[in-house]
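Naming follows writing order (A, B, C and D), and every chain is counted from residue 1.
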């Protein structure tokens, strides 16, 4: 390059208006945790501090995005300046934003908890932070990407970091759980990737928006959708492919369990919803009904399994299996009710994230306190560890779907979608799941009042760990009061509107 | 039967064979190998079908995707092997117990 | 007498159980195999139904190649068009290493003194591999090759060295090594930021700098990849290695 | 927001805030806790008094917060709400005093009083709810807040009772939610309105409306302990006596009965309900409950269980009054909301006193109790006569109006139910009174304790005396303005289309 050209360029740099910079802000939710992970990896001693600062920065970033998107509507960013189909596009609408916000808030809670949780174990602590920050990177990248292949890479980062975090607990159960989780996750990813291969070779693009415009009901489309959906369903642990979830989620360390149940499964679910919303206009067709039936199966089977568990963490993990089922009820219910059913499912996803994180963290406190998580031997924790028990119960209120809580709003919207179109069956499943959830939640609460046969020596639980669990549970309940704002957020860019493209009739 | 189709069908075959091993084989190393065979199958489909350009030259985009895919697969395999060693150390067996009895 | 009988019976029952289990397994095998065969046939039909000619993105890549600063289309896709993918892919590699390190308690590999042959060969191969890596890196912008290929060869060199008992000096095995490991991703992110000054978005390299930036990224990345691969092979965290 | 909007919120907060503060209090801060409790109760009573005066002057107190799209959370204090509000805030004060005395020195009092306050908060919310959604919200909150009180003792029996209680109430709540959402999809509103808001719907929806009615009444019937949904109530007797008072008189069963009143009058409209043909089955169900409860009570030796089955029976008088669908019966049903509360709480306080002071839990142990604890047994006698329906105690007024209403509506069979029930009431109360007053006391009571200088401590003695006097006055002064009866008449006039 000639010197004069360089000077000209530098001059232009100084006078450039900041449009590129502004647009690139959209990449910050990915870059912030990524940089945090790199620093935490290099500077091991400072890992925890770096992690907490990163989470605060991430929350600030996402909060910054909210007014921007509320004002300017959905935003895109052609990373590298190329744009689809050559380049990779990022895109943020209300749906992505809600998921980003959920990740940042729950992530901050889990981080604060983890800071106390790992304090006595520097080796685990140093290993935890880079993996955890990479997990957040993957989630945010997943929520922002519009490119199916790029999404494959984010899915892999998500899966591998989740597996490594699960194994972090050590011990045979956690390792075996992690191993099974890894195999399942890899299998899911490959099925998804094969689907993408078919889509690319049929339509010469992997960009969701372009695909939506080009796609037609060719055999390749259906095969690809089937492969991708199967892979994602496996990763989301929808009944009957949920077998891997309870052992993994129950055997991990408390903050990891919380992250897995609250956030990680939402990643693949989000992607599935995106693909369906963009590529297939969900009508009341067989596939949607099929997904709904699996969801209903998950609600009932997961709840019943939760009910018969004798270990608290397994109970909570099966509760996750059941709650995942609710998210899939939106597929059949979306026909004719559109935004109502999807808002309901997404509202459930958000409140489940808060509530389930609170539950697992509270369970972690009980585990540390008593040294075990046998439900029948909880031994009067209701007065000995009231804050954690309150966290569990409040989170339970949201999981059950009692008013006022985020879970109630989600179930109300789903129920409204079901009943306004006269689909009683789905409505009955929604109600039944709530009653079963009440039974298993209060099974735990009941034993928290009684005395165990063999009283045990109790360990101290740091106050931070108790307060974080409590705060998340309160947030899950408060989500039931502040309904207008989250719903307004979800509206940005109209993600649930019927798209022009797609294969709908 | 163009070469592209033959590659793709071979890839599919590998995918299915690997899947069989991943599901049915008990030994973890075989499962991990099954995953690798599956992966190779997918890459073969991805790259193979990229040869259907009118000019006959390969489409570079799937090739780049395959490179990315391979690196991801290598990374995943490394983690899987490492985890397997830990599982063997912890349980004394290189196979997964029945999820309902552990 | 009784005892023998009981033992025999038990053994017989166990045998029966095992046989039953085997037959169940056989049935499962059959079911799974036939299901997979159906999947294969279905997908094969789908592939056969694809048009025999498809331009893909080859033409568009060719058309845009002049703006990338490299002449090899695959490298252009990897580092420019879909550079974001590549960045995340390097993150995957790093993540795998972080995961392996979190799992392994010290190095699981026991050191064997290498034989004379291996020892001598290593002395010969290691520099050669280094050179090949350099070549692959350099040629990547115009012909097949590039950071990952170079990194793979570097990694192999590292593996060979490791096998012969060579270890990173302890004072380098701490943060300097980790900094080297993350350098690929860091430089990639940083290079992406250059465009911001030219009113371009992140990872959009300004045209006159594009080729140079890509080469920089590739160079650092191939070293980082090579070191990561070698470290993955070693398993445990080198700081904890005896 | 205007002053009128603030008062309903303040009524909620007057128990919510002390409740939340009490949770955070250390167990030993007895005086501060007592101050918070009584301060909250008195404040609430004063605020309710202000609203009572205001409503009688025609002011409606209302506050709304937007909730779901198209749906608000709204509190409104109209005449019907006031009926329940006055009852619950008055009895809460009395029960709080009693509970402070009853639980003196026992563990976990902060938790107890915290949930106790939440319970009352939920109850006043139920009273003031201006639509079905708000109603449901507080109704479920009530379930949650009472659960820890039911299992308070932490025994295995208590835990089981809690499980049963929840199974019934949560199941009922789920049915209600189902019905409410269904109703909302038909009407687009859930606002309570005198004469109801569904009568304009297309006749094709009437089968759906009947189902919705069934869902709502079933959900409410759980708390109102309609047979066969009453099972939880006798089991919940393991809880401490103040909790029994709360369940039976102040909050829980009342919330159910009150909900049935709301649904019949202000969702469906009583005349429209009658037109749908759902009131007669409801009246039959209520009658069955009345007779079944009384019959079961007859065979209970455990005093609290006998009282519990008596509640099952008595609460259904309210439902019966509603279901007869005549203005006069309505007056009887509504006024019984108050009357039953006053009488039943008296009886439970007395039962608690006997248990605490003498260790007497069974009817068969009550011989001569009147000689050992005369004031307690006087109060008990007043309550028992009220239940039987003997004039001049409040219960007589109820039965009188129910009977008149049945005649008015031409449903003569109800008279038979009332007569039978009164006989049964007499059959299970009079032997107790006879034993307590005319039999010789035993040489030694099961577990006698000395509490204070009188027959028992003052905090335990005054509450039943106050409520017994109130029950007596409600009967004696029924024709004065602002008596429960007059207020019930005032409401009934609004709920029927002027002829």
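We adopt the following convention: contacts are C-beta pairs under 8 Å (C-beta built on N, C-alpha and C of every residue); 3 or more make two chains touch, one makes a residue touch a chain.
Computed from a predicted structure; not experimentally measured.
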Geometric centre: closest chain by C-alpha means: A
Selected interface, A-C versus A-B, where C-beta contact pairs are more numerous: A-C
Computed distance of Cα centres, chain C from chain A, in Å: 27
Centroid spacing, where centroids are CA-atom means, of chain C and chain D in whole angstrom: 70
Whole-Å gap between the CA centroids of chain B and chain D: 67
Overlap residues in chain D, where contacts from two or more other chains coincide: none
Residues of chain C whose C-beta touches two or more other chains: 43, 47, 50, 54-57, 61, 77, 81-82, 85, 89, 92, 95-96, 99, 103
Numbers and ranges of chain B residues touching at least 2 other chains: 19, 45, 49-50, 52, 61-62, 65, 68, 72, 75-76, 79, 83, 86
Chain contact graph, described as a line, ring, star, complete graph or other shape: other
Those chain pairs that satisfy the touch definition: A-B, A-C, A-D, B-C
Interfacial residue positions of chain A with respect to chain B in the complex: 86, 149, 152-153, 156, 160, 163-164, 167, 171-173, 175-176, 178-180, 182-183, 186-187, 190, 193-194, 197-198, 200-201, 243-244, 246-247
Of chain D, residues touching chain A in the complex: 23, 66-69, 107-108, 111, 133, 136-137, 140-141, 143-144, 147-148, 151-152, 154-156, 158-159, 162-163, 166-167, 170-171, 173-175, 177-178, 181-182, 184-185
Interface residues, chain B side, partner chain A - complex: 15, 19, 22, 28, 31-32, 35, 38-39, 41-42, 45-46, 49-50, 52, 61-62, 65, 68-69, 72, 75-76, 79-80, 83-84, 86-87, 90-91, 96-97, 99, 102
Touching residues (chain side chain B, partner chain C) in the complex: 2, 4-5, 8-9, 12-13, 16, 19-20, 23-24, 45, 49-50, 52-55, 57-65, 67-68, 70-72, 74-76, 78-79, 82-83, 85-86
Of all residues in chain A, those that touch chain C in their complex: 1, 5, 9, 12-13, 16-21, 23-24, 27, 31, 34-35, 38, 41-44, 77-82, 85-88, 124, 127-128, 130-131, 134, 137, 141, 147, 149-150, 153-154, 156-157, 160-161, 163-164, 167-168, 194, 198, 200-202, 204-205, 218-220, 223
